[in-house]
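One chain, subunit A, links the two complexes that follow: it is found with subunit B in the first and with subunit C in the second.
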Partner chain A sequence: MLGLQILIDGFAVSALYGLGAVGFTLIFGVSGVLNLSHGAIMVTAATVAWALAERAGAYGGALGGLASAFLLSFVTYFAVVRPIQRSRSIPSEETEIFVLTGTLLWGIMIQVAIAYLATTSPHTVRPLISGVTVIGGVRTPTNEILTAALCWAAIGALTLLIERTRAGKALLAASVNPRGLTLLGFELERVHLLVWAIYGVLVGVAGVLLGAFLGASSDNVGTLTASAFSIVVLGGLGSVPGSLLAAYCIGYLETLTAYLVSPSLRNIPALILLVAVVWARPQGFLGRR
Partner chain B sequence: MGSLLRSRLFWGSLAGLALAAAFPLVGGPYTIGVLIPAFYFAVFAMSWDLLFGFAGEVNFGPTFLIGLGAYGAGIVDARYGLGVPLSVAFGTALAVAGGVALALPALRLSGPYFGLVTLVAVLLLQQMVTVFADVSGGEIGLSLPDVLSIDDATNYYFALGFMALSGAALFALSRSPAGLILQACGQDPVEAQALGFNVAKHKLAAFVVSAFFSGLAGALLVFYYGTASPGTFIDIAVGVQIIIAAVLGGRRTIVGAVLGAVFLVVAGEVLRPLGQMSTFAVSAVALAVILLAPAGFLGTLLFRRGAA
Partner chain C sequence: MSKLRLPWAVGAAVMLPLVAQAAEPIRIGVIAENSAISGIAIPNAAQVAADEINAAGGVDGRRIEIVAYDDHNSAADAVRALQRLSSQDKVQAVIASYTSEVALALEPWAGRLKLPTITPGAASDEITKRVHDDYAHLKYMFQGYLASTFLAQSVCDAAKDLIVDGPLHVKTAAIFSEDAAWTGPLDAGYAACLPKIGVTLLDTIRLSPDTTDFTPIFNGLEAKKPDVLITGISHVGVQPTVQWANQQVPIPMFGVASQATSTTFWKDTNGAAEGVVLQNMATESVPTTAKTVPFAQSYIKRYGVSPAYPGYTTYDAVHYIADAIHRAGSDDPEKLVDALQKTDWTGTVGQIRFYGAGDSHTNGMVYGPGTVSGLFVQWQSGKQVAVWPKGVAGDGRLVFPAFVKAAN
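Then we have the complex of A and B:
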């Protein structure tokens, strides 16, 4: 009984972690950017969805949240990331750290703005489906099942996009060898725009689902970014399947700890696993060196 | 030209110190109370700059070292009544030991991986403080039986003196032959190794020095406040502030970190009427500096004048 409960809850939480981390890893793989405003964009999507759901209903709210994350990801790219990448006064070997610092500051600005406009108390987005489904004797909110299903649908759509379409193959090529891609006549700028657009959608879906499943508050911004960062490093920077694998490891480890030991310790085993893996195998589960 | 630059920096720092020393004559107790933590904060930022600007390592966990120093000193004082000097020595030693324990595995990694391990170290330390709440005081905080001094002026000059000495030591180190090798290791580790320098050894030494000053400043700050809580010493937000201060003041300048730290603390205080939005304003200014003048306050100043 408890085992099944852990299995189900862990599955949903991990799917959510995975979706959140996939966008993060995609951006890194294709354009080498570690976007530390990730958590802030997720919480924005959740907060907008919550605020709009009052007037526009659950679906209107969810769409609004998605749109806000999409817009915000472009603002992040055009106002913060691209100016740093193009700046002549920043030496190229230091671009990475400047992007880290810049997106970190940008994330703090978003976080404070959310706290100012919508307070720091956690908001739970109205679920798209209400009600409870019984799976093998375990009462599970239907919304939890929908969350897992939607996460996997989004990840599946991403896989199709990358492997089956011309634009997606260009993305893949950019992550392997950007120089080669430009030599073949592709505009790298457009590839980057595409990846930020995909990122916006993924992070928007993840944010809205997170808000409906666990609730989201501007205080969570740092934790969300840190957990996406850890999952991505654990799985191997830039590897989408690696991130999913890592998301499931961390998701289940946390759920197990929360159920069997104590909810207040849920982060600790995952952190220790992370340090151990990074130490023994710095490239992560499926990362390239 | 190099020496001209250096001497201008030297005279500038001296003038700044003189101004700061004369400040209590005009400033009220409130402003003095704002500046004292800012001086310790400046030491945090300078030690971070040694790692970032010179060793080329992004340490996301400056508060791991600070927290070890602060809590190490606080706990032995509160539990065993060791008194201020011994407790500070213990806290500093703990921070150095923790720094070595963190750096040995972490320095095998580079770039984002190193950053992540240091970040995780902070999260783990914060969890430990909460889990062992009966020893550490947990989220509520630990109160100490001793303080440095109850006199504002004494605290002020002590903090200022400590900052000046730490700054001088770190600056001298960064301009010494060892500091130059460290800088080479940070900028091009492969070439530095090819020249016969032991990159790992120099980076480890930088980490130890950074841990020493961070831990010492943390331990002293704990005795200024008389309390320790995760929110003031360990929280990631504190680490972020330190990073912002160092980058804002000008990376690779050591002294610039002081400007950044004092600016951040004072700006936070001046903008306090804005409430939550003061953080927004400070972050926006910092972001603007990074985008428009990535060399930071001091870097821009020195570079422009030096070039002209």
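Then we have the complex of A and C:
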């Protein structure tokens, strides 16, 4: 009974972690950008979905949240990332550190704006389905099952896009050899636009689902970014399957700790694992280098 | 005659500003976390009280001015704000914070700056114990809210009437509280008073205020089969309540849940609060005193939501500070502290008095029937329905959602 409970709860949490981290790793893989405003965009999606749900219903709210994350990811790219990448006064070897700082500050701005407009109190997005389903004696909120299913649907759609479409293959190529891709006549700019669009959708879905599953507050921004960052480092920077594997490792490790040790120590073993992996295998589970 | 008129007129013109200057405003500082449900109620309620007093002609002809700072719930920011209120804004008194950790950080500074400071919502017993232990230095600090020990006592008193003797016949309980300064004495109080009302304590969970996933905690508690969860939560609230409802945890929640004291809680939880029973200082529909409902209504009219619990205590604090300044006839902090200690004010939460230097809760709000005993409400269909004490609750009854087993 306890085993099944851990299995079910861990699966849903891990799926959510995975979806959040996949977008983050994809952007890094394709364009070398570590977007530290990631958590802020997720919380924006959740908060907008919550605010709209009262007037537009659960589905309208969810769509609104998704749209807000999509827009915000483009704003992040055009207003923060691209100007830094194109700036002539920033030496090219320092671009990455400037992008890190820029997106970090941008994330803080969004966080403060959310706190100002919607308080620091957590908000929970109205669940798309209410009620509970009993799986082998374990009472599971139906919305939790839906959350896991939607996460995997989004990850599946992403896989199809990358493996089966020309645009997706260009994306994959850009992460391996961007220079080669430009020589083949692809515009790198368009590939980057595509990856930010995909990121916007993924982070929006993740944010809305997080808001419905656990609730989100502007105070969670830092933790969410850190969690995506840890998962991506653990899985290997830029590797999508690596991130999913890492998300499940961390998700189950946390759930096991919460059930078998103490809920207050939930994050600790995952952090120890992260330190151990960085130490023993710095490229992560499935990293290329 | 006409020669005399001009000097008179000139004299009057010179005198007028002097007369106006004589009525220096009374400045009251406010320090709170403006982005939190409970925090924002503090400056808002202070302003409502100040406007009311000013509209009625002020205190002895002096207007009340509120000087408010946001401390972002940081002790360091709050201390800086207190220093600024003292040195730059030259306030006569301060109303500060609903967080015990912040109030405890302000306490020595209130002493050093000799600035009467009242917390309208921090509950730790340590605040008043320190005043008792070092009275000469710390007598400037007041607790304008019930100490944790009294909160625990009020939960037990209400639990006895409502769920032990009542139709639920509760026999076992688990404490569900957050790990913070104010819950130390609260949990100790629960552990001491629950057995006295015939309830066996099965487990105590002190959860980290950073917790976002409460599933393992609820599942662990459910396995121990307590009849009720006795809550002590303030910095968390929305998430455990929503997850309690989504997972249909079959155990009722009963106790202190500060975020749930504001009407915004219903919307923040999408109605998951249904059935939650909580201690509140007052609520907009129950005339604890003749002042409660009029204040709540003017607050709602102005801000669109009902005041969270420190809203009521802050509104009262502005009034009894003004009353104390009037009685002291002076802005001198020593005289003001003396006058505040002699407070006997009918506020929105009851008859407000403070314990004296001989009591271990020196300068703390007196708890009990005839003074302030708190109020228990239950969220029912978007409204806080008063259920205890019987004198004010009328015929309000407990109604739990279908998934709560005790309901059947």
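Rule of thumb we're sticking to: the second predicted complex is superposed on the first by the 289 of 289 C-alpha atoms of A that agree within 3 Å, B and C clash if a C-alpha of one lies under 4 Å from a C-alpha of the other, contacts with A are read in each partner's own complex, and residues count from 1 in each chain.
Everything below uses one rule, namely that contacts are C-beta pairs under 8 Å (C-beta built on N, C-alpha and C of every residue); 3 or more make two chains touch, one makes a residue touch a chain.
In this text the structure is predicted, and so the values were computed from the model without any measurement.
In the superposed pair of complexes, A:Pro282 makes contact with subunit B only, with no contact to subunit C.
Look at A:Thr124: by the touch rule set out above, it reaches subunit C but stays clear of subunit B. In the superposition on chain A, A:Ala115 contacts both subunit B and subunit C. When the shared chain is aligned, subunit C comes close enough to touch A:Pro141, but subunit B does not.
In the superposition on chain A, A:Val233 makes contact with subunit B only, while subunit C stays out of contact range. By the document's definition of touching, of the two partners only subunit C reaches A:Glu54; subunit B does not.
Note: residues 115-116, 264 of subunit A belong to the subunit B contact set and to the subunit C contact set alike, using the contact criterion stated above.
Interface of subunit C with subunit A (complex): residues 33, 35-37, 40, 179, 205-208, 210-217, 219-220, 237-239, 242-243, 246-248, 259, 264, 267-270, 272. In the complex of the two chains, the subunit B residues touching subunit A come out as 52, 58, 105, 108-109, 111-113, 115-117, 119-121, 123-124, 127, 130-131, 187, 236-237, 240, 243-244, 247, 275-277, 279-280, 283-284, 286-287, 290-291, 293-295. Here subunit A touches subunit C in the complex through residues 5, 9, 13, 53-54, 115-116, 119-124, 126-127, 130, 132, 139-141, 143-144, 214-215, 217-218, 220, 223, 255, 258-259, 263-264, 266, going by the rule given at the top.
The touching residues of subunit A, when paired with subunit B in their complex, are 34, 80, 83-84, 87, 89-90, 93, 96-98, 100-102, 104-106, 108-109, 112-113, 115-116, 222, 226, 229-230, 233, 237, 264-265, 267-268, 271-272, 274-275, 278-279, 282.
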